[in-house]
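Below is the structure I would like to discuss, written out as structure tokens.
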Amino acid sequence: MSGLSHIDEKGRAVMVDVSGKEETVREARARGEIRMSREAVSALLKGNVPKGDVLSAARIAGIMAVKRTPDLIPLCHTLPIGQVQIDLKPSMEEGSITAFCGVKLTGRTGAEMEALTGVSVALLTIYDMCKAIDKAMEITGICLLEKTGGKSGHYVRREYEDKDTM
Amino acid sequence: MSGLSHIDEKGRAVMVDVSGKEETVREARARGEIRMSREAVSALLKGNVPKGDVLSAARIAGIMAVKRTPDLIPLCHTLPIGQVQIDLKPSMEEGSITAFCGVKLTGRTGAEMEALTGVSVALLTIYDMCKAIDKAMEITGICLLEKTGGKSGHYVRREYEDKDTM
Amino acid sequence: MSGLSHIDEKGRAVMVDVSGKEETVREARARGEIRMSREAVSALLKGNVPKGDVLSAARIAGIMAVKRTPDLIPLCHTLPIGQVQIDLKPSMEEGSITAFCGVKLTGRTGAEMEALTGVSVALLTIYDMCKAIDKAMEITGICLLEKTGGKSGHYVRREYEDKDTM
Amino acid sequence: MSGLSHIDEKGRAVMVDVSGKEETVREARARGEIRMSREAVSALLKGNVPKGDVLSAARIAGIMAVKRTPDLIPLCHTLPIGQVQIDLKPSMEEGSITAFCGVKLTGRTGAEMEALTGVSVALLTIYDMCKAIDKAMEITGICLLEKTGGKSGHYVRREYEDKDTM
Amino acid sequence: MSGLSHIDEKGRAVMVDVSGKEETVREARARGEIRMSREAVSALLKGNVPKGDVLSAARIAGIMAVKRTPDLIPLCHTLPIGQVQIDLKPSMEEGSITAFCGVKLTGRTGAEMEALTGVSVALLTIYDMCKAIDKAMEITGICLLEKTGGKSGHYVRREYEDKDTM
Amino acid sequence: MSGLSHIDEKGRAVMVDVSGKEETVREARARGEIRMSREAVSALLKGNVPKGDVLSAARIAGIMAVKRTPDLIPLCHTLPIGQVQIDLKPSMEEGSITAFCGVKLTGRTGAEMEALTGVSVALLTIYDMCKAIDKAMEITGICLLEKTGGKSGHYVRREYEDKDTM
């Protein structure tokens, strides 16, 4: 046994059987950040003043990506997403934007990959809008913060607890 | 002027005009990594032995994501992708898999976002396949390594030069 | 409170939580029309005679669009569509084609946006096929005719009741 | 001959041959509006104040829909979109939001359907966000304002000229 | 009555109503094969030795296509796919690769089209990778092997029973 | 060297470089058939009489699938499709529908996979609409008939020459 749920006994990728699992409420929360020059954060915040399109675009892109997770990640199940929330926190001091994505659903498997995909695409969207100013940006620290529901129980990541709140 | 190319003078998101630009050969190379327990790297490599489906699935997912970049990133142009290469380097010592994505095309705008999207989705696919073993994985260090073609000229990132080669 | 269900207390777009809602049968019916020259209606009906591809193409495009609603409308939930019916009524006298779309599903939220999207894409498809003849066409009068199921109860639009029946 | 460019001599739908056409710069501009109660316009504008997510979401959805036009409209060609701009004008007096979409590209066929699709999806997105307040909204007056490039020459619609400017 | 479930009494395509059906576990298994020169099978198997990307790519493409069936087949319902398994059996003697696809789900309608679509796209992917060697390949014998669940009961195809096992 | 163009020297799948190739006019024509009971062909043709939705739906689905080929086949390039034509020939005597798909484009690589994908999805769509009548249908004989343009020159398949004409 490989321990990898998506690999069968012959080493082949499979989409694992969830058809017999019960539908329960499941939630996942992920985070990640993009590091950029203060000049870029400042341009983004100034561009943001009148209409907010920069952060709005990233939020919308993240929400839409959550729904398209099974189109992107080969072995992810199509899930009836119940709620998506994306939060973006710019920090001038640290030269970064932190993205949070919370996903909630009633289904047969978890919302973990959906939350991580939402964070990734929101950050890529910010990258796209700031790349004319700063080519050295870095997307980093993408991880699961919390997960509830399902047989694997409640998971909470300690590392970011004090620093990040959504 | 905000300095952000995708925001017009009123702060609204726009897809910028590239219709007058010349078609030239453009290349971009990006990298990123996923950190996981050695137990997870080991399971992934063992699962890999007979058929290689774990890393293959991530490579295929990354290549397909490159082509879908304009569907994910709201203001990205649809580009005639000419070549995509995804390379994945597992390291037992560091407890990580590093992903590289190289994209080449003849078009009116660059391949930067495509290479970054390919890296992100390849890493998310590895996450998905290893998450039953390790919930504390982190996707990190996603950045542009090199970019050629277009009016902004040749960009090379110094930071990863010694460490990473595709 | 803004009264807008998709905007949270900070003015941010969110996909609202439906995970706790009960699954019930929900139906929605929408309509819309495209106004064109009689010459264009006539060409469309003549083109229609042998194989019916003009109106068939619009019907198929509308049905497929219903299923892709959550890919198009950022905050729409992915719903398990149970039934879709598209009806197209050409009128030589009025110089118009009226489109109706009925959607039925068992789910946690309504079918309203799906029916409106089906109507819109069916009409855009007719526009596409007739645009060589008439550039002054107008798509107009897209609205909800009826909606049942869900906590907001039964809605019927009075305005088109005598004129339109699907 | 049916006069319909997408229907062949046997009445079958075909995607017409543009492979021999020259690549030229083409532009199209379309408009449309959504009529709603003043209460709904007011809620939308208030919701808009802090972050602008309502109109931003509609703009982003419209831009993304422009790129997906060939996925929605069966006989549309996949075009290398060069520029997209969506403009939304709320009017408290008239109880409406007017949407404009301008598309520019260098390609073998026009940008007309792309601009109309961008308008339609931007308006549907506004509908979705306001439907909790007003179920009697109507999407109306979707039409082409102007089109340049291609063998059919320059088209300008007279009707909306005084009223609408993008 | 036409006997065709997707055609209404007026000959129009409809997506049939499944909203009142009960959710039950449903399974389908399909097969198909691609015939090619032994030279091509041999190249594919040699290419396969180090990393297995040829057959892995086909497996991943087939699994992803299963999830996208309702995007491709106009009147197919969107189903909550529970499990997908793709098996590929190369035969040097017969000069062929046989593909099997098994799909399992808990839903209101069957998994038949999903399994057939998975087989078709897996075989097209193999075709794509071998077409530089052999242009005379043929994809053939795509059919349903078995189907359970739903009111139409248990179906087993006799023809391939001895020859094929997944 | 494996001889497989999509596999690099390490056995990894890559999307091959076409960015340096010249844009030329390329055409491909593919065919395939679905075998069914005469009862099913008859129902399909009767259902076809008033509005033609059965064969129209298959034609539209095939045309749309041609445009989505790079979304389905992992290593296919996104091509600017110039023309698509789908032809469907029912035969009561043989109990079959034969599908032809012709694709023409000006691009850097061929239209072969697009034509084969169009045939496959058109046939799957017919299967879907007839499956209530006949569960023993078989999709078979999918192959390339002709290919022009590109460095590999003109390919014509002899086998079906007398039998099939589009």
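Should a chain be cited, it is by its letter among A, B, C, D, E and F, assigned in written order, with residues numbered from 1 in that chain.
Quick note on the criterion: a contact is a pair of C-beta atoms (placed from the backbone, for glycine too) under 8 Å apart; a residue touches a chain by one contact, two chains touch by 3 or more.
Quantities reported herein were computed from a predicted structural model and do not represent experimental measurements.
Colleague: Which chain's C-alpha centroid is most distant from that of chain B?
Modeller: C
Colleague: Could you give the separation in Å between the centres of chain A and chain B, each centre being the mean of its C-alpha atoms?
Modeller: Result: the chain centres lie 16 Å from each other.
Colleague: Could you grab the centroid distance between chain A and chain C? Build each centroid from C-alpha atoms only and quote it in angstrom.
Modeller: Each chain reduced to its C-alpha mean, chain A and chain C end up 32 Å apart.
Colleague: Could you list the positions in chain F whose residues touch two or more of the other chains?
Modeller: 12-13, 50-53, 56-57, 59-61, 64, 68, 71, 74-75, 78, 80
Colleague: Looking at the whole structure, which two-chain pairs count as touching?
Modeller: Every pair of chains in contact is listed here: A-B, A-C, A-D, A-E, B-D, B-E, B-F, C-D, C-E, C-F, D-F, E-F.
Colleague: Can you name the residues of chain F that touch chain D in the complex?
Modeller: 25, 56, 59-60, 63-64, 66-68, 78, 80-87, 104-106
Colleague: Which stretch or stretches of chain B touch chain E in the complex?
Modeller: 50-53, 55-57, 59-61, 64
Colleague: Which residues of chain B touch chain A once you look at their complex with the stated criterion?
Modeller: 2-7, 10-13, 32, 39, 43-44, 46-54, 56-57, 60-61, 64-65, 68, 71-76, 112-113, 116-117, 120-121, 124-125, 127-133, 135-144, 147, 152, 155, 157
Colleague: So in the complex, the part of chain E that touches chain C is made up of which residues?
Modeller: 8, 12-20, 70-71, 74-75, 77-80, 107-108
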